[in-house]
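Letters A, B, C and D mark the chains as written, and numbering starts fresh at 1 in each.
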Amino acid sequence: MKKLIKNGTIVTASDTYMADILIEDERISAIGKNLDAQGAEVVDAKGCYVFPGGIDPHTHLEMPFGGTVSKDDFETGTIAAAFGGTTTVIDFCLTSKGEPLQNAIDIWHKKSKDKSVLDYSFHLMISELNEDVLHQLPKVINEEGITSFKVFMAYKNVFQADDETLFRTLITAKELGGLVMVHAENGDVIDYLVKEALENGKTDPIYHALTRPPEIEGEATGRAAQLTGLAKSQLYVVHVSCAEAVQKIAEARNKGYDVWGETCPQYLMLDQSYLERPDFEGAKYVWSPPLREKWNQDVLWNALKNGQLQTLGSDQCSFDFKGQKELGRGDFSKIPNGGPMIEDRVSILFSEGVLKGRITLNQFVDIMSTRIAKLFGLYPKKGTVAVGADADLVIFDPTAERTISAKTHHMAVDYNAFEGMKVTGEAVSVLSRGEFVIRDKQFVGKPGSGNYIKRAKYNETLSSIDEKLPI
Amino acid sequence: MKKLIKNGTIVTASDTYMADILIEDERISAIGKNLDAQGAEVVDAKGCYVFPGGIDPHTHLEMPFGGTVSKDDFETGTIAAAFGGTTTVIDFCLTSKGEPLQNAIDIWHKKSKDKSVLDYSFHLMISELNEDVLHQLPKVINEEGITSFKVFMAYKNVFQADDETLFRTLITAKELGGLVMVHAENGDVIDYLVKEALENGKTDPIYHALTRPPEIEGEATGRAAQLTGLAKSQLYVVHVSCAEAVQKIAEARNKGYDVWGETCPQYLMLDQSYLERPDFEGAKYVWSPPLREKWNQDVLWNALKNGQLQTLGSDQCSFDFKGQKELGRGDFSKIPNGGPMIEDRVSILFSEGVLKGRITLNQFVDIMSTRIAKLFGLYPKKGTVAVGADADLVIFDPTAERTISAKTHHMAVDYNAFEGMKVTGEAVSVLSRGEFVIRDKQFVGKPGSGNYIKRAKYNETLSSIDEKLPI
Amino acid sequence: MKKLIKNGTIVTASDTYMADILIEDERISAIGKNLDAQGAEVVDAKGCYVFPGGIDPHTHLEMPFGGTVSKDDFETGTIAAAFGGTTTVIDFCLTSKGEPLQNAIDIWHKKSKDKSVLDYSFHLMISELNEDVLHQLPKVINEEGITSFKVFMAYKNVFQADDETLFRTLITAKELGGLVMVHAENGDVIDYLVKEALENGKTDPIYHALTRPPEIEGEATGRAAQLTGLAKSQLYVVHVSCAEAVQKIAEARNKGYDVWGETCPQYLMLDQSYLERPDFEGAKYVWSPPLREKWNQDVLWNALKNGQLQTLGSDQCSFDFKGQKELGRGDFSKIPNGGPMIEDRVSILFSEGVLKGRITLNQFVDIMSTRIAKLFGLYPKKGTVAVGADADLVIFDPTAERTISAKTHHMAVDYNAFEGMKVTGEAVSVLSRGEFVIRDKQFVGKPGSGNYIKRAKYNETLSSIDEKLPI
Amino acid sequence: MKKLIKNGTIVTASDTYMADILIEDERISAIGKNLDAQGAEVVDAKGCYVFPGGIDPHTHLEMPFGGTVSKDDFETGTIAAAFGGTTTVIDFCLTSKGEPLQNAIDIWHKKSKDKSVLDYSFHLMISELNEDVLHQLPKVINEEGITSFKVFMAYKNVFQADDETLFRTLITAKELGGLVMVHAENGDVIDYLVKEALENGKTDPIYHALTRPPEIEGEATGRAAQLTGLAKSQLYVVHVSCAEAVQKIAEARNKGYDVWGETCPQYLMLDQSYLERPDFEGAKYVWSPPLREKWNQDVLWNALKNGQLQTLGSDQCSFDFKGQKELGRGDFSKIPNGGPMIEDRVSILFSEGVLKGRITLNQFVDIMSTRIAKLFGLYPKKGTVAVGADADLVIFDPTAERTISAKTHHMAVDYNAFEGMKVTGEAVSVLSRGEFVIRDKQFVGKPGSGNYIKRAKYNETLSSIDEKLPI
């Protein structure tokens, strides 16, 4: 069935203009003035922007962590994402040493298949890289279309990989066409600082931040970048939280290294002082890396503006305050890390970034969608408003005002980190491959309607139709 | 009359996709699959890219310099530009101290009106900024649509402005909505070094380079950037030639200053050793700033890739070797500065940049067109392929090979700085507001058909039709 | 007459050890354990440090400025200096365009000859550098022993030299063996900002700081350093006040440029908020460059520790609050710039630097004496405790506590910028060429007893006796 | 017995002057003009410099490495050192995991006691830092006077410590008063690159360099510095070889971190091309870190000049070419790392540093002796020419010319890395605690005459006599 979106202002990563959009067979077939509406359902986008659906490159849905499981799963998580203007998520598939990779992938497929209301894909965590794992990787890339690999430099004795594993992953990714993602904190130092803090009776949430200082995020980021340059490979640093890390990424890029950086809404808007909130409420604000001193926020915004950082992920990993975050009462190291962030990622970037003049409207689209699609092999199927692309579209009212609150949000958890914050701009309707998921601010989608997307290799494109570019 | 460009691959600053383009009333009216061709002339772009016409932000056509006049005027210059895939030029209107600004502008209108085959606009040079000049500026901006102002930090006793003038210009531009452009070299030091070289009998072309070392380009660039930050204004550094200057621009941007940088094909491809060519041939390669040691080229390319530099200008200012460049025999300081560069700017960026993997195809479009349109108030009328934009389009065969030579180029001068260089990729046809200027590699345009374009203020848009964006 | 200083702990720029010092014929003749005291006056330094007398490289005694004259002259100024542990001052001899240099020097000899209680020398200000001035310089250097030249980049239309003059001075200094000193602030910008502030009724002392922001000190410092590198010459940046300038000096030194930096006690201890003191009291704290935000102090201290800055000058230029500073009521630009600083320079560096662990005891000696002697051609006659050196010595009680106050200081002015500040460490006795100037905290010297010192060229030594080093 | 050294020019880290030196009871008792020679043996130093004996902070005498043992032991090693003007060595005492520290120290005492002709001390290598080791450390520091601890970031599975050990060592050193030394290369990456090179048949000596690129020395240096800053501890980076590492040290110092750097003669004078010498001769030039591209030498020299690096060590670890270096034929990873460097360290710094104008004469003394004494708790007993200090003196003819050669050197190995290099300046006589070890270029010392020196804690002084400084 055809749809015609009329009277909207289309926004892409480079352009802003008024035109109508014709949708046929899940994709955009034409953009123009006065397109023929015959046979098409007409959707009025007057007064609204129409931009590509957000892509969340960093989610942890229904993920086991520290003896509990993150609350939002592929159903509640993608519904909340859709309300916020996101149409694709890439979730982290965790592996264990010794276990076949396919097992882990199968578990992730099972979690998502019947639940997701949006299209989705997976990154693969690499915990070791021996001959055995090496042999499994080509299949993961070619058959599963998983072309990005996450390495942890922190979480000692749990997820942490040593430098040889990181370096080997970089070399391998280069050869096979993958993108290496890194959680960059020095886990050895954190491990020491955490033990020492606990031994000294420092058990409150604020010590989560104080035992993971920015120096060691900067250190690990610089180390990963340096290894990437040496391997002539490619690196994507997830959840950059501070000036020290931004500087390392900038230095690497200035040397011509292929290094990219993502930040998250929490680092742009919240700061370390939140961890000091009384009645253990600080636990709500426990992320790794931790929230930083407030002045880092300006550095992060400027890095998005200047292109030193390129993307915004949510690092969605939600836990209830009651019963989950509370596991860390009396021992901050037992607080599950993470928070509910998938829903408001796009809104916050628009309200705080575009409307406050920190980034342009086109940068907004690039940061929350297009650049992510390009880096992770989803482009041009996803990530833009262009003829031939999937009709993953957001009709966005830039003047709507709302107040973020756990009372009204669509995530499954009992608090919102931005409780009470006013934002301007809201998704009115959201389409996934031409079908409404959100219509007039109501959920109209269906669990299981989302497709798993096999992604292209790094620096390759994922055409939705078989076309040949001139070169 | 309608045109339909079929089968091409459209390229914008962010997107690449196959679709047809419908042109009506000088502008793009639709982009789509299988658009209705009825009543339209069909143009086949099979195997070709279709991208927005290049915008050359930096030309000196028929400009007096050192007792002679640059050879290419608005006719030969724009014809050559069109052959190369450029559809708009912005030329520098020179002023003299004491003379009413309008006089200078009138002279420039006279030079261009009946000659230009492409749309064009002017920058205004600021030689002093007293009360009298200040009073004239609002009219220049609002009535003439001239919204960019050039200040020279070099050419002592000729064009050079002092720091107070530069600072005052920055303050004024901020208030009135203009963009300050700066030729950044320390003219005082150059003046000393040139005199001293000549006194010591160092008269060959190579001394042009040796008396304008990169240190003083870096110094002046840093100074201008620092003043910009202080004035909270905006700056565009023209013709960045070396690592020292790139670093200053990067530092300024990292501090959040609104500073932009342009480089030119000559700095990307040629180096200081060219100035040592025998038989005075070095004079052909005399630009200011001068060509640099070869290693700077990598820094410039990487800066384009990373966004530390954002645009490519030609600094077109051509002089015959015979009779013009020769004025400097026996005294390098009398060699007219500049060269023929308007024609091959786009080709070189494509062939050396995109095809050699230094920048992406979308960056190519941004660097040679879109970003320039946005910075100088031409967007979205110019600088993109989008519904509503002027149909300034290039149909570009990315596989065509040719050898650059003065024998075949279309500029009016007797040499080409890239003589013998092979490039891949060539404009097959070029349209200006929907009309062919170049068709199947033949000039089919008409002198005088180009329109003068009044530009929008800095950070404002120049809509080709009266539309209202949501915000 | 012989003197034997017993039981003291000798401190030099590199060593700390207990030994006695024998003084004969104005100089140190032996250092040892149990030296033969026969025929010598014995001075007990038990519990005290004995270090070389401070050298103040930056004073303006009896200097005309803005229609008034600095209050302390060579008599009160050098007496106060002696009380503080200083035994040599180098004062700035001002010149005027067109006037023979010798005239200016003669005036300075006249001011000082019968008044100074300490040895002294002169720097020469360079306001222009034409052929005429160039011809006079060799005599200034060779006959007057003036081997350092000051260039102002600020004070537009008064002292300010253009970049060509600065560059020419650097080239000339290199050839003749001089050291170029620079007041680094961009005078053009200041001039604009001051006019604009006054036009807007911003006349209070705080606007002195706000119209001379750190950006333009950093800019000018970087410019001077860059020109120095290009000229392969040598530069000494006076009164460095802020992080921006420190960074430029560090960058220059990292490139191998011969660039040195001086800071002053006021920048180490006071900050911009002083300028906001009520009842026009802010005027007491008007220096150029101005006092900065407090965080700069840490940067300056660390720069002294790391050797990015090397010396401490007083920039002594004192004006009474009553009658002099008050000239600027209603117009901050009329406040005479400068303050009384000659007396406490050494004490503050000891108390705040050494005792607070910011620098070592040996660095203290280097910073306030030895390095200055070496840079300005006074070494080894001045600046150290070594056999053969002039017996310019300070017997210093590191445990004495005192409170700085205008009531007790020895300068001729009616306020002290450090009023009420407690310092630990005080000069008990001070000898100039073996004679007491201060004895047991009493002045026992004689106006006119100080000698004018002809200094060695840059990087040459000024031996007090005709000795030949091996090479 | 008394000695009087007459007519020499004394040089310390800050001073240069002519005076005689009186030696009594192993120490300097007086320095002066015309000192009473009665009862003293007079030594004429006319035309010579007299400076403190060099201190070599980095030797590996008779050290097991890769199945062999370094050739020079405490006898041949210290004799060669003495010929070169060194009077104290600090050797690395290796430990093994699980073995009591005292065992290792006892072994080192046994190696040295009857052999050393010079005073000596030990650093202790830290391979792990568990509770058991922690309990042993106070004794090592307080009873053995070993106050510096070496941690290896390279040599995976052999010496390499993980980041937690490094961080714990930094914390512990801070508490106990020790200085942490670090071999900074990323051993994980090296391990990978070495295996990969060997698997690909890349077995020649040059691959030693290519598998340990400067990027990973820079990385490890930055990491160690960052951890030091975080621990508020102190760090000494041994054998800095390249610009990347210098930059990291400079950045750390600019942040106020207490980080120091040592380079070695090989990095100042030799370069990577030496490893390509035919007939396996490249093996003679195998150090870790490896020799670098030649341009790094300028950076290292400038770093010594500017104080970014502070000391020169030899990293003496000599192996015969025949029979030892040859172990690596066919497998570069089996080439014993190290070379003979103890003898010419001082000469090269003088000849190439002072005489070529790269550093001053006083810096020379500081770099090869005084600063080392201060950093490692030997000062003021060692490291200077001052009353009270040990009479460890070098009488040095700055005009003597010689050619370095294995034929004439005094080390026990069959080649010299500087074979054929001409140097100017040579130790004529060398005294250790007042006794000649070298006299008129002949060895006159005695194995076993050297004393083991218990060193002071970090930032404390080691007085040779019980004196109390004022504070």
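Methods note: a contact is a pair of C-beta atoms (placed from the backbone, for glycine too) under 8 Å apart; a residue touches a chain by one contact, two chains touch by 3 or more.
It should be emphasised that the depicted structure is a prediction, and the values quoted were computed from it without experimental measurement.
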Starting at subunit B, fewest touch steps before arriving at subunit D: 2
Whole-Å gap separating subunit B and subunit C, where each centre is the average of the chain's CA atoms: 51
Approximate Å spacing (C-alpha centroids) for the pair subunit A, subunit B: 38
Of all residues in subunit A, the ones touching two or more other chains: none
Chain contact topology (line, ring, star, complete or other): ring
Each pair of chains that touches, named by its two labels: A-B, A-D, B-C, C-D
Contacting residues of subunit D [partner subunit C, same complex]: 9-10, 12-19, 22, 29-36, 47-49, 250, 253-254, 256, 298, 302, 305-308, 355, 362, 366, 370, 380, 384, 386-389, 397-399, 461, 467, 469-471
Residues of subunit A defined as touching subunit D within the complex: 156, 162-164, 167-168, 171, 186, 188-189, 191-192, 213, 215-216, 218-219, 222-223, 226-227, 229-230
